[in-house]
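One structure, as structure tokens, below. Some questions next.
Each chain carries a letter (A, B, C and D) given by its place in the written order, and its residues are counted from 1.
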Amino acid sequence: MRLLFLGDVVGRPGRAVVAERLPALRERWSLDLVVINGENAAGGFGITEAIYEDLLAAGCDAVTLGNHSFDQREALVFIERAERLIRPVNFPKGTPGRGAALVEARNGARVLVVNVMGQVFMAPALDDPFRAVEAELAACPLGEGADAVIVDFHAEATSEKQGFGHFADGRASLVVGTHTHTPTSDHRILPGGTAYMSDAGMCGDYDSVLGMKKDEPVHRFLRKLPSGRFEPAEGEGTLSGIAVELDGRGLATRVAPVRIGGCLSEARPEFWEI
Amino acid sequence: MRLLFLGDVVGRPGRAVVAERLPALRERWSLDLVVINGENAAGGFGITEAIYEDLLAAGCDAVTLGNHSFDQREALVFIERAERLIRPVNFPKGTPGRGAALVEARNGARVLVVNVMGQVFMAPALDDPFRAVEAELAACPLGEGADAVIVDFHAEATSEKQGFGHFADGRASLVVGTHTHTPTSDHRILPGGTAYMSDAGMCGDYDSVLGMKKDEPVHRFLRKLPSGRFEPAEGEGTLSGIAVELDGRGLATRVAPVRIGGCLSEARPEFWEI
Amino acid sequence: MRLLFLGDVVGRPGRAVVAERLPALRERWSLDLVVINGENAAGGFGITEAIYEDLLAAGCDAVTLGNHSFDQREALVFIERAERLIRPVNFPKGTPGRGAALVEARNGARVLVVNVMGQVFMAPALDDPFRAVEAELAACPLGEGADAVIVDFHAEATSEKQGFGHFADGRASLVVGTHTHTPTSDHRILPGGTAYMSDAGMCGDYDSVLGMKKDEPVHRFLRKLPSGRFEPAEGEGTLSGIAVELDGRGLATRVAPVRIGGCLSEARPEFWEI
Amino acid sequence: MRLLFLGDVVGRPGRAVVAERLPALRERWSLDLVVINGENAAGGFGITEAIYEDLLAAGCDAVTLGNHSFDQREALVFIERAERLIRPVNFPKGTPGRGAALVEARNGARVLVVNVMGQVFMAPALDDPFRAVEAELAACPLGEGADAVIVDFHAEATSEKQGFGHFADGRASLVVGTHTHTPTSDHRILPGGTAYMSDAGMCGDYDSVLGMKKDEPVHRFLRKLPSGRFEPAEGEGTLSGIAVELDGRGLATRVAPVRIGGCLSEARPEFWEI
């Protein structure tokens, strides 16, 4: 079974590289499931229903979110009918939408997709992500309720992400971080069989600061005051994420980074390119 | 001119992989200068004089630090005589040691090495890193006082690191982040000619949490209380960092990640391997 | 019904002023219940069983805690048998001890005492304090299971404390903050009848930094490095807290600050002094 | 010499209580100098030129600021001509306005007024406040360049404020905190003669969260999401601050809290009321 997870889509360059590249990659790599983090898809802040549907149309099976989940206020409404839009599971009870969803892959497998937000250096302050995900894993365990489990751990600190990876090792198919908008190269299979990568990076223009035009963030670091708004950079986007192959138990057998387009060095899963 | 920068050495596995691998790599790759971040070399916390000298003996030309600079109290004393040990330049005036040093490379080039600590999510709270480095660059500009300039930007947030990279673009040979202990794969040459990588990763055992044994950090995330001390993991270490080739002006012409040994996927600068 | 709540006891000066002053005040003011925050009673860090018992012997009916609850590791054990020692209710399930207790006052009233930790600027990161306390209030409501309810909201930010005060207004007899070690003068009765004070201050030596000797904290602010340990100041302590009179429904009819001894201006509840 | 310092003016209730009360108090108490923190005067966020002038017209001699200094963008411009408007001195070089000003009191005395922002839990991250103020004190020392020195230390953490108080003790007439919008009752004269109070409180409606209507902040604590904007509360404001009497050397001889109007307990300097 073949999974592709793509990191935070940032603005138009991110949406464009997904729309242009993903359909062909689905075919070429015979992907069974594609999950993408869409929290910055709408102008860098949140997601609209139209963009959500565009991401599905481009070949995504599920869209995860993060601290920017509801920056576009319409998301508080349409998320209720968007069955494959998943916001952090540790938002308070009563928050619109869902924190986990069982999605059917192309090969018929049932894949549990969970989104969760870390606590270290993150706002808003949500409840313990470890226990929140553990409850989802208990309700729908790998190998029983789910044929595969993907956890998007949306967090700043590498310590919390790595700690969670080990905590979930053997109980998830993939634990992948998002939020820093910077891909890490620590992709690997943990001892218990869980594929892991501290951050999937972003789908966006890397000649930027986190996908946003450079001038305003640099101004703020220097002047300690805003001079204007943050706006997405406009150069060519990079598709960034992680490719994972699973065995029949839903554990990882191969893992590789994906970086296609834009100004980062290219990376493809060689084991699917042949 | 050929540079190698290696990320935070964590405990014995980090020191061991440096001692075992670096001497041969210096030869094989004809390195002109090697810089390493040593802030976690002594049991995960700080550095001792003996370890500093071991790192030099293994082939490092300069050792940078970070928030853990003085965890070993002896560093407050020996740093004064350790001419190639460099702590963050934005520590207050009067702090022992130096924040920048002009180091002679094997090829005779004068290389300015600067260490600085970010402000976002970092403790202690130091003065503005952008202006602190700018003062060093003004005092010893690339192409005038220095033939090459390396800035180790020790920080948590990718936004601050990327913002600084663009700020220094064209005025440094290499801006490389440290502190997250996780290598990023956004290594590239910025438009102005500065080699950039958000984090060099660590030299240590990656089957861990930031190089430390997993149990204690996972316990703290779950229980919100310590149960013991943090101790370095004991598995095989990975050498992690970035390789950069410079032109006669001190700007980058090639850049590649380095990951050798341990449980991460291997990466070598192909352009030097031939 | 007459309540006295006293803020964080810091070290020997804090314990001494409690031991010397409280017994007489209990008599003089005919107090029905005394609650004290003891998180810094043992050398500034945590609490021991001997100190807990001394506080009870001096006339305290319950002892609350905070982020320093378990700085003395023995507290993880003895808290299980210390029925009137109350740690933050929003520590994870499985944490030793209790987050709320029903204590019998001298007049026979049943008083629910709850301790909770805020999330803003606080470590460790605990679950939502508002919902955690709400669950306790639902299980033992004022006027039903409890004749009075005292919430010690242990937190840094005045916004969170005030927000909680309004949230609980009419459902608690007293919401009082602790943790900043500095008494506020915003004591009042909220519109719904809950007595409120953003911080009770500390029982300790105010010629200090938060009850600790001045030199080390000032050194750290200036040097950004430790030079030694934090140790409690040794001057005369001030007893600091809030006096509340309740009506038959458990709502507040009078409130006054208490500051006795040491270097702060004296304050006493005049309505009990006559 | 008689000083009055008033804390953060929040919105219309804050401006109203100043306009209504201050002119009479200036007379009644024969005040020589009045300083007020105006960072929240304009709808809770920043200050306009019209409001600045209204504050002067009401009897303020200088207006200090804080993290909200430039929330109203016009402040970046008019601050240059507003000679008695003082923003934190540790903003970067090149920031419009000034961080200290020598103001003439009614009795002819020259009073150095300094505003500075703390580093703990504060954004933006500014340079070391201790050294920034020390430079001002060195340039215009108490008893030489200045007959009195007032430092408004705008900060969250009581530790940093108290640490600074001791650091400046004997070198300032008054060190008073602002920013928490909650008055403390730790007003006193430090051993070296400096009047000190951790926070002056706000001039605003205390039936609120920090002067803002309660509903939105409580919603955010519960839901972890905004539901609307923060708006100043509209009830009666309280004038809150500290009264200080100085001797001929500019050191404090008497100190008292001031709380007049609104829902806090009243406090007046008895030594001036006779």
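Keep this in mind: a contact is a pair of C-beta atoms (placed from the backbone, for glycine too) under 8 Å apart; a residue touches a chain by one contact, two chains touch by 3 or more.
Bear in mind the structure is a predicted one, so any value in this text is a computation, not a measurement.
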Using residue numbers, check each pair in A-C, A-D or B-D against B-C and return the one sharing over half of the contact pairs.
-> A-D
Same or different for chain A and chain B, when you check if over half of the residue numbers at their contact belong to both copies?
-> same
More contacts between chains, A-D or C-D = C-D
Separation of mean Cα positions, chain D and chain A [Å, integer] | 45
In whole angstrom, how far does the Cα centroid of chain C sit from the Cα centroid of chain D?
-> 29
Residues of chain A touching 2+ other chains?
-> 92, 125, 128, 131, 222
Contact set on chain C toward chain B in their complex | 70, 76, 91-92, 94-95, 124-126, 220, 222-225
Residues of chain A touching chain B in their complex?
-> 121, 128, 130-131, 156-160, 162-164, 166-167, 180-188, 190-191, 198-199, 201, 206-210, 214, 217-218, 221-222, 257, 259, 263-265, 267
In the complex, chain A residues that touch chain C | 92, 119-120, 125, 127-128, 131
